[in-house]
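See the structures that follow.
In what comes next, chain A is part of two complexes: it sits with chain B in the first one and with chain C in the second one.
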Partner chain A sequence: MSLLELKDVSKVYGELHALEKANLKVDKGEWIAIMGPSGSGKSTMMNIIGCMDRPSSGQVIFDGRDITKESRKKLTEFHRDKIGLVFQQFHLINYLNAVENVMVAQYYHSMPDEKEALEALERVGLKDRARHLPSQLSGGEQQRVCIARALINSPELILADEPTGNLDEANENIVLDIFRQLHKEGTSLIVVTHDPEVGEVAQRIVRLDHGKIISDKKNESFSEGE
Partner chain B sequence: MKFAFNVSLKNIRRRPFRSAALGALVMLLTICLFLGAEVILSLQGGLDAYRSRLGADVIVTPSSASAHGSVDDIFLQGITGNYYMSEKDIKKAADTDGVQSISRQFYLTSAKAGCCSARVQIIGFEPETDFSVLPWIKESYSGEIRNGDIVVGSEISVPSDRQIKFYGKKYNVAAILGKTGTGLDNAVFTGYDTIKEMARSAADIISRKEFSGVNIDNTASALLIRVKDGYDPQTVADDINIHITKVQAKASKSMISGLSDGLSGISGIIAVLVGAVWVFCFIIMLMVFALLSNERKKEFAVFRIIGASGKMLTAVMAGETAVLCLAGSAAGLLVSVPLCFPLSDMIHSSLSLPLLMPDGAVLAALCAGAAVIPLITGVLISLASAVRITKAETGLLLREGA
Partner chain C sequence: MFFRMIRGTFLRQWKKLLMIALTVALGASIATAMLNVMLDVGDKINEELKTYGSNITVVPQSEAVMNKLYDVENDEAVTEYIAEEKLGELLTIFWANNITDFAPVTDTTVTLNGGDEVTLVGSWFDHHLEFTKKGTTYQRDTGIINLRSWWDVTSGKMLDEQKQSGDGYAMVGSELAAQHNISAGDKITVKGEKGSEQLVVTGIYESGDDEDKYIYTTLSAAQRLTGSTGYFKKAEVSAITSPDDELAVRAAKDPSLLSGDEYDLWYCTAYVSSICFQIQEAIPEANASAVRQIADSEGKILEKTELLMTLISIMSLIGATLGISNLVTSGVMERSQELALLKAVGATNGQITRLVLTEILSAAIVGAAAGFFMGYAFAQIIGRTVFDSAVEMSGMVAFIVAVLIIAVTLFGSIPAVRMLLRLRPSEVLHGGH
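Entry: the complex of A and B
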């Protein structure tokens, strides 16, 4: 069953066509890698799917609902309930410690629960670093806090923009293992990356160039147990 | 809500330099607002005290009084002496065309000697005709002033037995008057019979030459005149000056107008200065909060992407600003409230201006106003920033703030 569908989605910034008539279907529980060089439109597509930006034209259907027509308020509520975001730059609140960064997402969703937030950190192997500020954590640890924050409200879709872009190999493997685990549990994943190693662990690889989808193929080498 | 408030507090605490700078700015604004308003109100209060002290349309004193000061100084600052006019001149003044009623005042300076508790100006008034001193006394004392009673200005030190000695006799302090901010705060007031008794004792004890040839029973140091409707006080004063050679008459309006103009000018300058500083602080606050919200674009975008609605974001921004503004205002009031007393004294003594500090309730209202105005300003600025940020696309904000 389809979780997300992009129908002829375009985004234009002045003269620049960042995304041109993109069509994409994502099934529930699917793990997709969106790949392409810098400026290919990956981040624009992610921003549109993540409700952080609106398309200039076209439709974004999420769970059967056309979210391009939603008001800003509804869109915020929708995004809060359905989507967890993971970023290359982590985007943690620097004056809040790890568990508070997770709890703030709980607060905006429903209500903060420290026990649950600590469990989310435990899931990404960071319970013992819960009281550390982002500046006291390594890049890999910050990314895991970011993932815990994305997971805390049990979203249907995890949207990750270059999640391993700032990580060393060891931390990259930790993050990919977490994604594998999430996928096994049935969470849908869209990972935007230009790193072939990260792209090749996904079920499906969508390639973008100059704002256009140039290929959309199943990854034959994908393995659940990998 | 508690969690959001804690998040705001953490932001404030974990950015001490930024928080201290913003707090200091609000503190400066509060000090400026509070002290500026307090000085303007004190000047206005002083002027009002002068006005209510006057009550008369024309003031008449003997020509010999000019050795002690101008009519303005004598009457408004309480700079009195022992000078008296004849019964004949009093009658002539009372008979001048346009005079409706007249009230006599008798001035006496106590001696700095064993016969007197302190050297002060004593002002005797006629309770039956007075329209200048009694209304003021009634603000502090509603009882009757009997023979032998005195009423003292706020600066006069009253012994615990409430007895003050003048020229060998003790007088009962019936009331202590409210502060006027003028020299009258150092004066003693009493009925005409009591002051005549004091004057007789003074003449006996120290044989003052001022009393030679003076009929204490029928004399006066000053006449307070009310003119009939349709008469110009200045014309009546001029008439008295022309026809009675041994007295000087002055229309009270001319006495107060110069002072009033001066005070209005100074109040105006202070108001403009306070306004200028306020506008300056407002612009600085606007710039600082605009810069801060720009610097925090990424942080706000993060709040948005983790689910904060526009309302929630606005509440966080306004909450943080409110905490900073309240802390800054509290610090500002802690500095400025104790400062307002010495500042008033300094203005009073260095500029010789009448200052009457507002009472406790007005000061409390000033404190509230000085705290609320920066609070409203800060919150409005942060609301404007919040609206601007919540209208922008989150993805763009995140890229701009990265």
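Entry: the complex of A and C
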């Protein structure tokens, strides 16, 4: 069964068609890379999937529901329950330490649970850094805190927009390893990137150009686990 | 978590929140000071004006002369009386409608309950006066109920001549009552030079001046005690007057020196001197004189002062609202990324608004509390320097100021909250690439 389906989704900013009649089906547990040059509409697409923006036209079916018709509040709830977000910039709250940053997501979802939050940090290899403030963490570590935060409420889908864009290779590999791990556990992943190396590790690669999907192919070189 | 986030904001944005607290404190202090002064000193000034509310006194001719000659006052030896029935003449003069109240007064020294000598004053309380002249009947309810409107009856009731039959009643000043342990409902015995009376105390009053040591009773009781039935020593008259000008000053010296037109103009203007002149025309054996040129103009000044204070309060609150609005908006702007992030991790608009408002309101409450005490101090300073009177802390002011400050803070936060609602995580978080 498909987790998510975009039907003729367009997003128009004035004259500019940031996204034009995009059709995309994502199955549960799938790992998709969305690739394309800068300005091709990747982030626009991700915002629509992530319930942070509404399309100008078209339908977004998530888990069988057309989320373009939901109220803003419902949309927020929906996004909170189903989707974990990871951004290129690390976007942590700088006066809260790592574990507290993870707990913020718990707080707005249900109940903060420090033990669970620490476990999530452990999964991304940051257990011993839980009490550090973002300013005391390296870029890679900060991004891993963001991933832990995205995981904490067990979302069905992780949406990552250029998650490795600001990372060095070593950290990029750590992040990709975490994605592999998540994929194995059955979480769906949509990773926006313009970095071929990051795209190569996904199951399926969708290419965008000028707001249009120009190709949508299975990745032959994909391998389940190392 | 909520608390940790708020604490985080307090640690990080403490300068901004401190500014909010200070802005609120300033607004609150001015509002508190002005309201306190208005409510408390305003009353006191009004009372003071009414104290001299009897702006004309009427005494017997001869006493007036004696007082002028020998500078003696209330010396029984020179006291003469005016007939009580003559007071009705006041209802017949040209300026009768400007005379708002009047009452005859006879004071004397009595022995209270066989002990101390105290001052007893007999007067009309709410006397119903009927006076017939040339076939016309004039009526008026008048007395010191109106002339002592600032009296605070602390226990019991105001003496009511029309309801209480007979005249064996009295009111006792609060100081005297405390000294002699007199309370409402007690019977007191007073002995004057011509007799003694048993009086039931209907109430205790607080006047804020020497009268707190007096006993007030009906005129007839005082007449019996002094053996002057049908007469009184002095009358207090309260009249609405026009402020004196050059003509009034000249007329006050000697009306007969005015030209005919001037005389007519003077006579037909409610100068205190022309009213006095007409009272003397109506009661030839009396001498009417201005106690103090007051009331109307000073009352207006008070009203204007109050208006000014209200305006200052409003301006300061508007200022506070604008200040808060500015601070809160820039605070939200500074934190737009953080707030957008909260939205991105699933916070609803309501939750974020609550978070921000909690921070602002806590700063505002601290500021308001500080401002309230500052305002109280201001009020004392204003009270002492300007009005020469201490200012009481009023619970009502605290309540009003609290409501105003909450309104001001919420109102000032509207632009920021609107901005916050419009904040779109997609735009803020993806910005920059």
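Structural remarks
Keep in mind that, in the parts below, the second predicted complex is superposed on the first by the 226 of 226 C-alpha atoms of A that agree within 3 Å, B and C clash if a C-alpha of one lies under 4 Å from a C-alpha of the other, contacts with A are read in each partner's own complex, and residues count from 1 in each chain.
Heads up, the rule we're going with is that a residue touches a chain if its C-beta (ideal position, glycine included) is under 8 Å from a C-beta of that chain, and two chains touch if they have at least 3 such contacts.
Because the structure is predicted, anything quoted here is derived from the model rather than measured.
After alignment on the shared chain A, the placement of chain B and chain C results in a clash. Once the two complexes are laid over each other on the shared chain, residue contacts for A:S154 go to neither chain B nor chain C.
Once the two complexes are laid over each other on the shared chain, residue contacts for A:Q136 go to neither chain B nor chain C.
Contact with chain C, but none with chain B, is seen for A:E162 once the two complexes are overlaid on the shared chain. Contact with chain C, but none with chain B, is seen for A:S38 once the two complexes are overlaid on the shared chain.
Using the contact criterion defined above for the overlaid structures, shared-chain residue A:R72 touches chain B and also reaches chain C. When the two structures are aligned on the shared chain, A:H109 is found in touch with chain B and with chain C.
Shared-chain residue A:S215: touches no atom of chain B or chain C. Chain C is struck by only one stretch of chain B after the chain A overlay, and of the options 130-138, 148-156 or 202-210 that stretch is 130-138. Overlap of the chain B and chain C interfaces on chain A comprises residues 43, 47, 50, 52-53, 72-73, 76-77, 79-80, 85, 89, 91-96, 100, 103-105, 107-109, 112, 149, 153.
Interface residues of chain A, counted against chain B in their complex, comprise 43-44, 47, 50-54, 72-73, 76-77, 79-80, 85, 89, 91-96, 100, 103-105, 107-109, 112, 133, 149, 153. Contact residues of chain B toward chain A in the complex are 3-4, 7, 10-11, 14-15, 298-299, 301-310, 312, 390, 393-396, 398, 402.
For chain C in complex with chain A, the touching residues are 1-2, 4-5, 8-9, 11-12, 337-338, 341-349, 351, 424-426, 429-430, 432-433. By the touch rule above, chain A contacts chain C in their complex via residues 38, 43, 47, 50, 52-53, 72-73, 76-77, 79-81, 85, 87-89, 91-96, 100, 103-109, 112, 149, 153, 161-162, 165.
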